[in-house]
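Naming follows writing order (A, B, C and D), and every chain is counted from residue 1.
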């Protein structure tokens, strides 16, 4: 399959980017449109511990979660909502589990729609169970995932998503050692190649079943960097390297769209603003209302140009304020109401800018993900759009430039560790060859040895 | 003691009200100013189950909560934070428990301040353990509370607060039966009288110990109405009556300020915008980031003119994203960052208005608590400022008028139940005497019989 | 009234307020019906015009004064007090319960109807010279240290409305008192309510004290900060989700011999609705 | 580059950005020191100039190639491999651990130093003809169904750096394999990691299988979605909070004979810091 790579920006300027709006809105579910003006809350709750023991258990926990979420949506007057079912392995491995969990969740959404007229949809995310050492292509897991996608699509899923793991074994190695060549190879090259394989299949399944092919996230790689980078006081991964990894992830996650995915992309893809700057598809995002699942330094900034707003994940249990699906849906729904009100009364661009500036200089990651800078990274990517390696490197170099600009203008100070790692990253990337094949060849030699799970043949390399 | 009642507005117009800003900022704790420009997050976590068994247990849970909150504050770069210790009975009943829990919490805050320079303070809220049938004044519990306030003030509390329960036995009766006379008497008259008794004492203790007398909330009464009113789909208390009860609570909770309290008032006082409109003192509020504790219909609106932003309460346990003190502090801190950014870049009034409009017409309670309407209720209160009964009734009548205006202008539709109860409330209130003593006399006769716990002598009636 | 700072947005917001918030309560409201014309209530109330139908209607409308007056008059006219309780007062209350359950009636309707019914029953009992029969005694209390009792008061009202004899111990009730009253009253079910994390720990202490006294009555525990998982750490308990579930749970014990373990396993079935905490 | 829509706010925001966010990491950063000049490291490294100090420095700087070369050269020159391991390579690693603990070194420093040290040790062991002594074997794995192993890899590195023999079973490890390896290797401690709610349930299955096989080795359980309360529902376990705690927990077992119950009770004391989840 020959992809139509993005070589120009769908947005004419950064200012065209704002939450809730895209040039390519997507219809799905029951009366729902994503990226067509309003931001929609996306609630996601982990199956209860023990529920994975049987399909009955998985179905019951799915119903329980959906019921509690729908009940709250009606109680507080949410015009629209989306439930995301993010499969655990036990759901994706079994066609029956995929079918029944999807069906029972959609049934609750349908009731909410039929009784109250709420706009609803179901995002089904199949677990990427593949392991590189046991085969990314054609392995048992790979085939089971295809089946699971089919099962979801035929039982109520409005859209299909995944968090592909291609390149993770190499990028993990690079992230923990600050080896930025491994990061570029793992995310920009291997990740992009694997996405093309997976997304060609997913788009095909979605089309055949008349549901929306959604999107991906670089959860397995750039989020590993972000989570290990942690808070300001953490001493693990450099936050400047995490920022660079994220910029590369922008070039990578775009591949889903190039394969025909329409969005919304997945919430935990913090690179989504870059993808949206290029493709103007709806994106899902998470931030200050996903603290149940993780801590990041971009709680507001992540909302600036989102179209769907998510809590990432939470235990299914009781709070004083009720079951967690309702508790977190309400926080999300409120934030969406704020954004949608802003859109109606024309304060949306001010709100967008306030979101962005609240975090833009809290951390280097915020610098490059602020929508104005994400747009610049998007331009760097499209300028080299045909070459997955060159565009990934261009994204990285642009990110470094943007961080250095912010430092030069005295808007952010870096720690010595951040400063040193950024400088050495720049030096490394500047010295890389301009030829993809040459780069790949060196990397195979280097990481084939250092990373025992890495198998280039899984990427047809 | 003769109080200086408010008979005019400290704010010249509704537009002067905005989050973070007051005419009477309050300094407290270590380098902290409330209502002086920035909004500060206020985190509050319930002592773990079982910790109440011993003072050691209470001290350990206090330290645990404070530690986790301070660690997160540093990790995400919060410039300022407040911890609130809302006592359980076992803390307030024991001078030693009050001392040790306060001291250990403040110690953690002090460390955060000393190591990082964060601005910090500690709000200590003593539990109102009194029961009307066993004596509101001079009873054992009443005396223990005085001791607890002293102990807090002398061991690190930056400010003292309470949620007084005067009048609750009567208002509970009224709320569950839709008896609006009982609501007016319980909140407006009994609540105000009891507050004067308690707050005269608290202000005295605070002054002697050089800490800030904070404020109160009508948690015991108006929140009972709000919680029973519940969501849109609940079928218990009328939401229009809950709105009227809230307006009356504005006249009641003002009494703390009249006694010398300086704010911030307590988070769960949804009547705080009315108090702020009149007195321009800092207020604490809770909404979309307090879904852990309860569900309300004003998640954004509550933020519009707040100065301190709270999560109300949460179990102390682990989420995937870490311990709950950190998880919820982070959500709060993000919202404060959004507001403070808006203040800096001049988008604060737009943000305030967006907050307000997101909920103003979701429910009748939102209609009257939107800061513009809260201001109108404030004016109605100050016009009758000298008389606790007349000003409470004036607040109620203004609230009814405001809801009816919104209905007339087609901005909100009421259910039949809301419509009928609002009409009958108006009729009842219009027919009441204009004389406080006459009203009280009738009420004593009526509710002395119907509410067996009610003891007028506890209010010197 | 001065112009609101929000007025400038008026033209922008009202056409599409449903994109921000939908008042579903208004949206789904059916046509207005007189309560006695509701098809379910028609089946419940005495059909024949006369004193019993009239009395049932005073309960349906929560009119205690009128109810009292009609009961007095009927008794003077020689009506049987037991007949009045069972076939007039209770029928009115059954109608109220039906309307509450389907969302047509609200809490105040229920409370006022309960007040009227209980008052009417008391007058009849005066005449009888003894208490009327109830289905069974059920004991209710808010635990020690907890001054909140509105939830408990709702339970009492639902119990009385459904023919149970509610023995209300009040609020802030010491464990020893619970044991003593349980020994005296032999309830088929107790409900313990708490609002705070640190008062819900009373549940396990109460269970321990009851077990020592050899009392194994099921205890429904619920309230503000109470969680199912915490409640279920103690035997003999189950987690009560809504006040109006209590009579159905009592029925399950009295009519079907269900144990506390059965209730834990079959909660949703017993109360006849899907309950997230128990599914 | 086109002008950012945010540029118009530039004059307004930068003077007081500290009211919005404070970069505490920058704010509290001390003066830069060469790692070998850190007072604590000075005490650890061989003081005398020569092959051992030089080798320790290659580890401190994470320079594996240089480390390999120097080890080869030193062995050729007749240095004792055991002496090189204990008094050069491990000393360098001790310096790295000290700097990491005090926040001067970061994860990559640690990983690269670990790579260098382990490579140097391997060359020495080649010379020796057998494995060098470790403090004790510790087994590590990510549970069945869980493909995430970065946390487990950190643990392996901390263990090796602290003189333990890490037996790394990898990720997605079936329970039967855990039992088999435990029987063969007789570890003093195992660590099981999981990232998801539905894989952390493996912990109890592993415990059951180990108990059936009569193996009572303590198991530290941790990772993404793992909670202490859930872990502690199974005996033989404790909840591991940070990867760098593992060597200290192993020390507590090996040196002080602590049991899994002791570790639950004394976690904060053992790791030498206040840990919210365990206090």
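By our rule, a contact is a pair of C-beta atoms (placed from the backbone, for glycine too) under 8 Å apart; a residue touches a chain by one contact, two chains touch by 3 or more.
These numbers were taken from a predicted model, which means no experiment stands behind them.
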Open item on the list: Show me the overlap between the contact partners of chain A and those of chain C.
Closed with: B
- [ ] State which chains count as neighbours of chain B and simultaneously of chain D.
- [x] A
Open item on the list: From the C-alpha centres, identify the chain that is farthest from chain B.
Closed with: D
TODO: Report, in whole Å, the distance between the mean C-alpha point of chain A and the mean C-alpha point of chain D.
DONE: 30
- [ ] Find the geometric centre of each of chain C and chain D from their Cα atoms only, then give the gap between the two centres in Å, rounded to an integer.
- [x] 58
TODO: Could you tell me the distance, in whole angstrom, between the mean C-alpha positions of chain A and chain B?
DONE: 40
TODO: Could you list which residues of chain C touch at least two other chains?
DONE: 9, 13, 17, 20-21, 23-24, 225, 227
Open item on the list: Give the residues of chain A touching no fewer than two other chains, as numbers and ranges.
Closed with: 46, 71, 74, 77, 232-233, 313, 315, 320, 337, 340-341, 345, 353, 357-359, 362-363
Open item on the list: Once you draw an edge for every pair of touching chains, what topology comes out, line, ring, star, complete or other?
Closed with: other
Task: Pairs of chains satisfying the touch condition - done: A-B, A-C, A-D, B-C, B-D
Task: Sites on chain B touched by chain A in the complex - done: 46, 71-72, 74-77, 230-234, 287-295, 297, 299-300, 313-315, 319-322, 326-328, 330-331, 333-335, 337-338, 340-342, 345, 347, 350-351, 353-355, 357-359, 362-363
Task: Complex contacts: residues of chain B adjacent to chain C - done: 13-15, 46-53, 88-90, 129, 131, 165, 172, 175-179, 224, 228, 232-233, 235-238, 313, 315, 349, 353, 356-363, 370, 372-373, 376, 410-417, 421
TODO: Going by the contact rule at the top, pick out the chain D residues touching chain B in the complex.
DONE: 9, 12-13, 16-24, 27-28, 224-225, 227-229, 274, 276-277, 279
Open item on the list: So in the complex, the part of chain A that touches chain C is made up of which residues?
Closed with: 37-38, 60, 63-64, 67-68, 71, 74, 77-79, 115-118, 317-318, 320, 323, 325, 337, 340-341, 344-346
Task: Of chain C, residues touching chain B in the complex - done: 1-2, 4-6, 9, 13-14, 17, 20-21, 23-26, 29, 32, 100, 103, 105-108, 111-112, 115, 145, 147, 149-150, 153-154, 171-172, 196-201, 225, 227, 230
